[in-house]
Amino acid sequence: MDSQTIIAVVSIITAGLTIAIGSIGPALGEGRAVSSALTSLAQQPDAAATITRTLFVGLAMVESVAIYCFVVSMILLFANPFWSHAIAQSAGS
Amino acid sequence: MDSQTIIAVVSIITAGLTIAIGSIGPALGEGRAVSSALTSLAQQPDAAATITRTLFVGLAMVESVAIYCFVVSMILLFANPFWSHAIAQSAGS
Amino acid sequence: MDSQTIIAVVSIITAGLTIAIGSIGPALGEGRAVSSALTSLAQQPDAAATITRTLFVGLAMVESVAIYCFVVSMILLFANPFWSHAIAQSAGS
Amino acid sequence: MDSQTIIAVVSIITAGLTIAIGSIGPALGEGRAVSSALTSLAQQPDAAATITRTLFVGLAMVESVAIYCFVVSMILLFANPFWSHAIAQSAGS
Amino acid sequence: MDSQTIIAVVSIITAGLTIAIGSIGPALGEGRAVSSALTSLAQQPDAAATITRTLFVGLAMVESVAIYCFVVSMILLFANPFWSHAIAQSAGS
Amino acid sequence: MDSQTIIAVVSIITAGLTIAIGSIGPALGEGRAVSSALTSLAQQPDAAATITRTLFVGLAMVESVAIYCFVVSMILLFANPFWSHAIAQSAGS
Amino acid sequence: MDSQTIIAVVSIITAGLTIAIGSIGPALGEGRAVSSALTSLAQQPDAAATITRTLFVGLAMVESVAIYCFVVSMILLFANPFWSHAIAQSAGS
Amino acid sequence: MDSQTIIAVVSIITAGLTIAIGSIGPALGEGRAVSSALTSLAQQPDAAATITRTLFVGLAMVESVAIYCFVVSMILLFANPFWSHAIAQSAGS
Amino acid sequence: MDSQTIIAVVSIITAGLTIAIGSIGPALGEGRAVSSALTSLAQQPDAAATITRTLFVGLAMVESVAIYCFVVSMILLFANPFWSHAIAQSAGS
Amino acid sequence: MDSQTIIAVVSIITAGLTIAIGSIGPALGEGRAVSSALTSLAQQPDAAATITRTLFVGLAMVESVAIYCFVVSMILLFANPFWSHAIAQSAGS
Amino acid sequence: MDSQTIIAVVSIITAGLTIAIGSIGPALGEGRAVSSALTSLAQQPDAAATITRTLFVGLAMVESVAIYCFVVSMILLFANPFWSHAIAQSAGS
Amino acid sequence: MDSQTIIAVVSIITAGLTIAIGSIGPALGEGRAVSSALTSLAQQPDAAATITRTLFVGLAMVESVAIYCFVVSMILLFANPFWSHAIAQSAGS
Amino acid sequence: MDSQTIIAVVSIITAGLTIAIGSIGPALGEGRAVSSALTSLAQQPDAAATITRTLFVGLAMVESVAIYCFVVSMILLFANPFWSHAIAQSAGS
Amino acid sequence: MDSQTIIAVVSIITAGLTIAIGSIGPALGEGRAVSSALTSLAQQPDAAATITRTLFVGLAMVESVAIYCFVVSMILLFANPFWSHAIAQSAGS
């Protein structure tokens, strides 16, 4: 296997696993937060505004962790600096 | 194995595992959220509108994580940049 | 092993594992949602209409994650782009 | 090992593991749903009709996930497209 | 190892593991359902008829998942299409 | 290693693991069911007849899963079709 | 390694692992059942006869699963059909 | 390595692992049973005789599973049939 | 494989795994914190200001752990000192 | 490696692992039993004699499982029959 | 691979895994502490000052563990003594 | 590697792992026992003498399991019979 | 690989893993302790002084375990006796 | 690799892993004990003296297990008998 193929193979595997493993935590965390929000709404409907606002801030924080994983996954697929280097090197040689 | 075959093999495995592993978290998270929504509805039927709206926003957030995995899986199968490069290279050589 | 055999073997394994692993999360999530729906129905029979409607929407969301896995599994078995390419290549050579 | 044997071996292993792993989630999910139904029936016998109907819909949804696994397992054993291709190829050669 | 031996070996291993792994989920699920039925019976003896009927339907659904595994296991031992093919091939050659 | 030895070795390993792994689920499930039965008996001694009858039906269902594993294990040891074939083949050659 | 040694080695390993792994489930299940029996006895001493009888039936069912494992383990050590065949074969040759 | 050494090595490893793994389940199960007995004694001191008797029967049942593992472990160390055969064979040759 | 390719491959894999594994803890921790905040808000709406402020400080602490992982991941992709060294070395040679 | 070294190495590893793995279960089980005893003493100080006596019997039962592991570990280190055989054999040769 | 490359590769992998694995514990621990702080605030708003102060001290203690991991990770990337030695050695030779 | 080095290496690894793995169970078990003792003391300060005495007996039982592991670990490092044999043998040769 | 490189590589990996794995336990333990402290403060604000003092002693005990790991990690990086020996040896040769 | 290097490498790895794995149990156990102490203090401030004293005795017992691991780890780094032997041997040769 030449260098290009190895980097391509490794980038594909890592891109997939990063978003796959990285989705477990945020999905469970968001499910828990939404679950609590609904229980709280049922218990104290008058505080709906505060609860919803806090929920959205919290979901944004948790989602940000999933976004990190997605960003790394997209960088590996479409803006991979090591791949660019390998392409440039093979073009220049 | 030539480069094309390796990239194809790796893309198939990664596409499958990405959506398979990536489905565990969102499915459990959504199940938890729906479960809480139903308990809340039974406890406070008057707040049904607020609960349902919050549930849908929350499910959308959790589902978005599953969508990330599905998108990466589809990209690997049908719009794989490394595969396109390998095809182009073998066509040009 | 020639390229075709490798791709066939990998497609078979991935198709099976994708739906097998991908069934754990949705099945548990749906079981939890249905379980809550039944408890809620017993607690508040008057809200049966709202509970049932919310349950079906939720089940559809969770099932969609299982569908993603099933779709990827079927694509790998019957509409595999890499397999088509390999067949075309061996036919053209 | 020739190509046919490899594909046969892989199909056997995958068919078995698919249904074996794929049975864990649905069985646990259904057990949970049935368990809740029975508790609910004991708590609110008057709502037996609604509870039973919702239970059956829910079980059908969960069972559908197990069916996906069984279908893939049967396809791999009796309607395997890659096996058919290998047979056709060896017959034609 | 010739092709027949490989297929025989793989069939034996897969047949055993399929029913072994496939028995964990249904056994736990049924245990949970039976457990709930007994608790419910103690709590509401008057609803014994409904509870028992629902329990049997539920157990049948869960058992069906174990049956899938047993069927695949038996097919691999006694009606294995790949083994039949290998026998036929070696007889014909 | 000749074919007979391989099949013998694989049959021994699989027979042991099948019943070993297959005993975890049923034992835990039955323990849970018996545990609930005893709690229910203490709570509602008047319903002892119904509880005991339901318990026995449930235990039979769970035990059946363990029986499947035991049957497969015994088949592999004493009525193994692949072993019979290998013996017949070596006797005939 | 000759065939006899391989079969002996595999039989030893499998015999040990079968009873070792197979003891986890029954021991935990029986512990749970006994635990419930004691709690029930403390709660309802008048039902001691029924509770004790049901406990013994339940323990017998759970123990039977452990017995299966022990039987397979003993068969592998002292009545191993494959070992007998290997001995007979080496004696006859 | 000659046959004797292999069988000795395998017997040592298996003897140790059998009792090591086999001690986890019974120890946890007995701990749970004793724990329940103590709680029950504190709750209902008048039923001490029945509770203690039931506890001892239960502990005997759970301990029996640990005994199975110990017996197999001792057999492998001091009455190993395969080792005896190997010794006899090497003495006779 | 030359040194550059090895370092590139290892950097890609590590960058992906670092953020993937590192997202599990923070996401679950934040989900728990948000969940408690919502429950607390529903219980004591008057303390909303204190609760929200404490929540944000806590989320910032937890998020900081995720940031550490993201920073290391970005350093490995875009400011990798070992990669710079390898590039400089290959340019100078 | 000669036979003696192999048996020594395997005995060392097995002796260590046997007592290490075998200590997990008894330690947790005893901790649980002691924990219950203390709770029971606080709840019913008048039954201290019965509770303490039952606790000691129970601890002895659980400890016996740990003793089995320790005995096997000591046998492997200081009274290993296979090691004695190897020493005798090398002395006699 | 020369010595420099090996040390670089190992440093990259270890730096990533150290902070990735090391983030799980602190993130969960901090999430738990924040969660308790919020529950306590809702229960006893008057003690807000003491609770907040204790929370910050506690978070600092937990964060310190994450800092240890981050420090080791940074040392491995930017102040690695073994890397400095290898560079010095290759420069001096 | 000569025999001495192998035995030394194996003794080091086993000594470390034995005490490392063997510390998990006792530490958790003692933590649980101490935890219960403190709760009991708070609930029934008058029984402090009995509780403390029972706690110390229990801790001694649990600690004894850790001592077994420590003893085996020390034996492997400082009184290893196999090491002594190897030293004696190499000195005698 | 020469001896120095091997020792450097192993030291880097072990230093990272030691602090990474060693941070899980203390972080969770401290999180639990802080969490209890906050709950206790909310329940009994008058005992704030005693609770805070006990908390700090407890945190110091738990932190000490993390310090052990950090110390070993630092020793391996900056005061490694085996590395010093290897350097001295290579300098002296 | 010569004998010295192997023993050094193995000592480094084992020293790190011993304290890393060995820190999980004590840290969790101490966290639990401290947590209970704080809850008890809040519930019964009058028994502070007894609770604190019992806590310190308990923490000392749990810490002792961590000390065992630390001692073994230090022995492996700074007073390793096998390393001393290897050094002496290489000096004497």
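Here the chain labels run A, B, C, D, E, F, G, H, I, J, K, L, M and N in written order, and each chain numbers its own residues starting at 1.
In this text, a contact is a pair of C-beta atoms (placed from the backbone, for glycine too) under 8 Å apart; a residue touches a chain by one contact, two chains touch by 3 or more.
As the structure is a prediction and not an experimental result, all values here were calculated from the model.
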Smallest number of contact steps required from chain H to reach chain N: 3
Third chains touching both chain I and chain B: A
Equivalent-chain rotation between chain H and chain F, CA atoms, steps of 5 degrees: 50
Distance from the mean Cα position of chain M to that of chain G, given in whole angstrom: 44
For chain I paired with chain M, centre-to-centre distance based on mean C-alpha positions, whole Å: 21
Averaged-CA centre spacing for the pair chain N and chain E, given as whole angstrom: 47
Of all residues in chain L, the ones touching two or more other chains: 11, 13, 15, 17, 19-21, 24-26, 28-33, 35-37, 39, 41, 43, 55, 59, 66, 69, 73
Starting from chain A, with chain I taken as the next chain, the full ring order: A, I, K, M, N, L, J, H, G, F, E, D, C, B
For the chain L and chain N complex, residues of the former touching the latter: 1-2, 4-5, 8-9, 11-13, 15-17, 19-21, 23-39, 41-43, 45, 48, 52, 55-56, 59, 63, 66, 69-70, 73, 77-78, 83, 87
Interface residues, chain H side, partner chain G - complex: 3, 6-7, 10-11, 13-15, 17-22, 24-26, 28-33, 35-37, 39-41, 43-44, 46-47, 50-51, 54-55, 57-59, 61-62, 64-66, 68-69, 72-73, 75-76, 80-82, 85-86
